[in-house]
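Everything below concerns the one structure shown next.
We just call them A, B, C and D in the order they show up, numbering each chain from 1.
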Amino acid sequence: MLRYWTAGESHGKTLLAVVDGFPAGLELQTAPIDRDLKLRQGGYGRGGRQRIETDRVEILSGIWKDKSLGSPIALQVINRDYKLERLEDLQRPRPGHGDLTGSIKFLGPIRSVLERASARETAVRVAAGSLAKQLLAAFDIQAVGYVIELGGVAIPPVPGTALEHRELRDNSAIYSLDASRDDEIKALIDEVGKEGDTLGGIVEVRVEGLPFGLGTHAQWDRKLDGRLAQAVMAVQAIKGVEIGLGFEAARRRGSQVHDPIQFDEQQADSPNLGYIRPTNNAGGLEAGMTNGQPLVIRAAKKPISTLAKPLESINMETKEPESAEYERSDVCALSAAAIIVENVVAFEVARALVEKFGNDSIEEMKARWELFQKMARKR
Amino acid sequence: MLRYWTAGESHGKTLLAVVDGFPAGLELQTAPIDRDLKLRQGGYGRGGRQRIETDRVEILSGIWKDKSLGSPIALQVINRDYKLERLEDLQRPRPGHGDLTGSIKFLGPIRSVLERASARETAVRVAAGSLAKQLLAAFDIQAVGYVIELGGVAIPPVPGTALEHRELRDNSAIYSLDASRDDEIKALIDEVGKEGDTLGGIVEVRVEGLPFGLGTHAQWDRKLDGRLAQAVMAVQAIKGVEIGLGFEAARRRGSQVHDPIQFDEQQADSPNLGYIRPTNNAGGLEAGMTNGQPLVIRAAKKPISTLAKPLESINMETKEPESAEYERSDVCALSAAAIIVENVVAFEVARALVEKFGNDSIEEMKARWELFQKMARKR
Amino acid sequence: MLRYWTAGESHGKTLLAVVDGFPAGLELQTAPIDRDLKLRQGGYGRGGRQRIETDRVEILSGIWKDKSLGSPIALQVINRDYKLERLEDLQRPRPGHGDLTGSIKFLGPIRSVLERASARETAVRVAAGSLAKQLLAAFDIQAVGYVIELGGVAIPPVPGTALEHRELRDNSAIYSLDASRDDEIKALIDEVGKEGDTLGGIVEVRVEGLPFGLGTHAQWDRKLDGRLAQAVMAVQAIKGVEIGLGFEAARRRGSQVHDPIQFDEQQADSPNLGYIRPTNNAGGLEAGMTNGQPLVIRAAKKPISTLAKPLESINMETKEPESAEYERSDVCALSAAAIIVENVVAFEVARALVEKFGNDSIEEMKARWELFQKMARKR
Amino acid sequence: MLRYWTAGESHGKTLLAVVDGFPAGLELQTAPIDRDLKLRQGGYGRGGRQRIETDRVEILSGIWKDKSLGSPIALQVINRDYKLERLEDLQRPRPGHGDLTGSIKFLGPIRSVLERASARETAVRVAAGSLAKQLLAAFDIQAVGYVIELGGVAIPPVPGTALEHRELRDNSAIYSLDASRDDEIKALIDEVGKEGDTLGGIVEVRVEGLPFGLGTHAQWDRKLDGRLAQAVMAVQAIKGVEIGLGFEAARRRGSQVHDPIQFDEQQADSPNLGYIRPTNNAGGLEAGMTNGQPLVIRAAKKPISTLAKPLESINMETKEPESAEYERSDVCALSAAAIIVENVVAFEVARALVEKFGNDSIEEMKARWELFQKMARKR
């Protein structure tokens, strides 16, 4: 069982993720995690806070001489902008946030909900997912997320491997796979920003190198498609999730949706065991299990809820109409969402990998991977 | 903690759901569950099996003198079409199903996976959700699901209450809210069926009467949006989930997405405590919590994977190309999906209700509901 | 993840256990489960109900052509003594039972709590554990439970293998390992029964053939000793649990407690990998993990709470002192407890086995067992 | 749902506990936690490390202006003795520890298991439990743990309230309730220490002020007795757990075990609602639920596994017999165990309290407590 929780507030001392059930013996590095943290802070359209601090991870536990111990791994990202104790409460809840609901549910201040509901928390979800990617990498499984639509403007993905996609993504200021569109998109963000408005969009994550049979069909709460959907929808500001063709699958006929099964002896030694598909409309998941094809998942992010030109709200005390409060914010954080969704997806895939191959030691996991491929090929 | 599992195979003896953590003292009825079971079997486009059997629920435990005991409630739907022991294995895996993957993962027969992966299992998920709706009804919370798009043809929902929607839905052969479109849709299904092809579509579920604060923002795995997404995506053949505006939210600007907050003294005694919104683009969920507005969630169902004109596959033994096997199936089961998604959503809402108000007795839950409304109004 | 829940009331229609996460491909038999069910009903000192019905298990799901499918296995034991709907409520709560507490907690009738709190429920816990033992047996792991003390009279266990112990146990009317003591114990039970009183005692369970490393030290809720203690203490009427020397370990010095480590090349191919111990005071568990030695666990069962000569209680309506109610009961059910504890322990061991070796297919589990032994020997 | 995990190694940078699901609005203090941490480090018989460092807790998250936020609370105890990266592996596994097993299970160094299996981890379990006690205190629920037997010498508890017990305990160098016995016990510890040996013993925890109905009878994994047993048995070095009379209950007749039920109108306003018992042999738990009486639980701790005069072991490389390694250790840490068990018990009680009364805000919890008492009295 691989699992994680996070702790920490937006302006609190620190953010933490505790990852429990990570296998022993894997060489861990902080540099790739820091790279992801930096990517999460970047992307065109970000505001002031991202310039205040450069997030860095510290591994507080679960490691000895650069290798995982099999014990819980605590990941810390210090908030350089720690000022929670000096902050006061808000009076006018911001639509789109948890302000109104949270203050009612907890019978308390808006600030207390705001601080934890903030997308700042995703920094350590990225850290946890980035750690999980180091585990996936040991099995040549690669995950990469990128923007495919921003503010209604599509930037279609291009064919390629995960590594190629990552390079393309890292060359784009928007984190799309087509940097030639960057200027157009930046202009859009600038224009919207000037109007005091905000933007959202759609990100896609592809995971390559997956074996057959991660997840299961046998019980609803263990299906991998369900778990992925939970992890992605639970990311701040995400309002839609789709796998493979997604909503488009609902519009086509069956013969145009389901992926024919073919066999290619040449690929029998690869994780797909030689079973290939001319299309991947299923997005790599059938019956809640990986089917040897790349996993493809998309998430719709709503525009940022904090607007420079604030929305209509009320004063909680007087119940009179007033504008919502404004706390320093971004115009568009969709690029960050590409990184966040990549990492929460990676964590769930790693969780499923550990369910299939165990989590005592990386050495044993690898031997079991080989064993499974061998047994499966023999059938 | 309210939770459930199911057991049972498509052609096995029986299907079971065990619901654990249901409060004591609620008068339970089987008739509304049977009604949902029948609805699940209906809708235009269904094939032979639905005519063979009329599902009926039996409550095997957790009830005494028509009231819930607080102990686990086991729900049984007998398979009249029990013949599993006489069935043989398949050789040619059906694209879109778990056939290929499952036989590799479990190193076993295709039949064994097929039987449990089958959508037949949703019968008892409907039963569990229908039971949960009896709990919701005690708090005047109503959930209703309906078709809003079929095979690419939109049938937009109409304004109205949950009860009005239910009546409209029950008058449509398609389970849409507009029976005047039935003939057009039936013709489409007939046409596609003749071509040996299948259809999917989109369903929407609305839940009315919700209080503030079901779910939480505090930890990723307890956010209600994530849990709903899991429950819905884990339904057979669902490939996309969206809440409120969903993917459309990704295309608009923030000022066109977030729902302004207003106060209407007149409604202060209703579950929304007087906090109203001119729009409900958030679909009733902000920061992973219900915000006093109706919950709106949509699911995209892919076309049925079993085609009368089978897809390209291979023979598992010879690895030679052959057509996929065909087992009796439907042309379109989207109407059933409206019922299934309604019920899995209802279960998750009930789970969140129990987390907020407890699950010892319905009497105590109700008193606590009143208490919370009173305390929240006083703030 | 291997897990189970039960459902059903003492006088309800049926008792059910749903076992989720059981590996595919194992040949299952009902006869050994029925044997355990019969043992649970037996032992000297039992009352009328055990004569009314002979429990039999029916496997309702998760099986095809006598082999497990990898899908949930539902086990049913029908209550031949079904009469719940005709039964009325109690007025005078019975000390030692959940009567008083439950009626307050659930603000409801005593009957409703009594029916589910009853030890009758252990029938399906035995069934679930007995199923788990069929999985353990595939790895030559054997569990056996027996009485070692009854009503204060010790009947010390004797050395021997699990199979020898099972034979001895099955030859004793008391389920001890020394049938020569049966007459003495039966006389005691008869005497106490005549006085309208009841008896308890201590049972011990040994599990042989365990590999290294089931359970973990890494997180408190995944330690095997903790999980075993939960499973055993959660059996009706159990008030104490100890592992290995248990409470006696608290009384000795360290040099008289900890088991020296030795190496015997001859046994390098057995599950203990050649690491032997001249003593087994740890009862096979160190740091929450199995250490290659037999697991030894004991449970203290209090005397039956329902006395023919009832205890002092009150009338719930009048609050006046009255004798507690009496429902048909036994004088001593300790022998049954030996079977029950054996089976709940077996289930937890199987759960830990599945965490270590996976639960997709028995074929893969076995190959992984061999692989682990080989890798561990090479260190 | 209130839950916690810990992270951190014995000689690592830091120890952490993340407590998730703690209610909002409770004023939190670190002083009482530090007091418990200091008590954990104390007691006669402790070795060098406890003198090196004085543990202090830091609350890293979940708090604002001294009140809980409802978000996860991260508790940190810095290891002043941080030197993990400089430490080397062991070669000769120490009997009684996880050394041998862990190195085989994880196919890795002994050091890696030792560091996490160490009782050092209990520092943050104490911190988590101590936090939970602040929640319990808001409901006038008090938990206190003390030594009742050390190295075979009984120091019987005395009657009194939790506060009286705490004062007595804090006056004893052994943490018993009878300081007049301290010298005798200290002499025993000195003598055993000189011989290079170690001691264990038995601790008892009493929890006062509990309402009816924490826990449940309805499903095995939610029974409070089972959960308490898990939490206690999962404490390092604990080998036995008993509730109320415990093993002694197994030796008596039913009439001498079960606690008669009486009613005292005078106490109708207290948490026991006026239902009193002349005895408390059940230890406050019947059918897995609190019954309005004080909870009484005992744990048996084995002697410390690290002996100055080391036990027989082997060299893992050569497999030749050698003495086990010795790392700086204590002669007796039973007093610490009294504190540790007190705190893990307190956490489970708080978890059950939150299941019964919710965890949104302390204000709502308190109102619900009053409501329940009122409704229960009316029955």
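Everything below uses one rule, namely that a contact is a pair of C-beta atoms (placed from the backbone, for glycine too) under 8 Å apart; a residue touches a chain by one contact, two chains touch by 3 or more.
Source: prediction; values computed, not measured.
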{"item": "Type of chain A:chain D copy interface by residue overlap (half), same or different", "value": "same"}
{"item": "Between C-D and B-D, the pair with more C-beta contacts", "value": "C-D"}
{"item": "Chain at maximum distance from chain B, centres defined as averaged CA atoms", "value": "D"}
{"item": "CA centroid of chain B to CA centroid of chain D, Å", "value": "44"}
{"item": "Mean-CA-position distance for chain D and chain A (Å)", "value": "38"}
{"item": "Distance from chain D to chain C - Cα centre to Cα centre, in angstrom", "value": "26"}
{"item": "Of all residues in chain C, the ones touching two or more other chains", "value": "5-6, 20, 70-72, 105-107, 113, 116, 213, 216, 218-219, 360, 363-364, 375"}
{"item": "In the complex, chain A residues that touch chain D", "value": "5-9, 12-16, 18, 20, 24-25, 60-62, 64-65, 69-74, 84-85, 105-109, 111-113, 115-116, 360-361, 363-364"}
{"item": "Residues of chain C touching chain D in the complex", "value": "5-6, 93, 95-98, 100-107, 113, 116-117, 125, 149, 151-152, 192, 195, 197-202, 212-213, 216-221, 223, 225-236, 238-247, 249-255, 257-263, 265, 273-275, 277, 282-283, 286-292, 300-305, 307, 309, 311-314, 316, 319-321, 324, 344, 375-376, 379"}
{"item": "Touching residues on chain D, where the partner in the complex is chain B", "value": "1, 20-21, 70-72, 213, 216, 218-219, 222, 355-358, 360, 363-364, 367-368, 371-372, 375"}
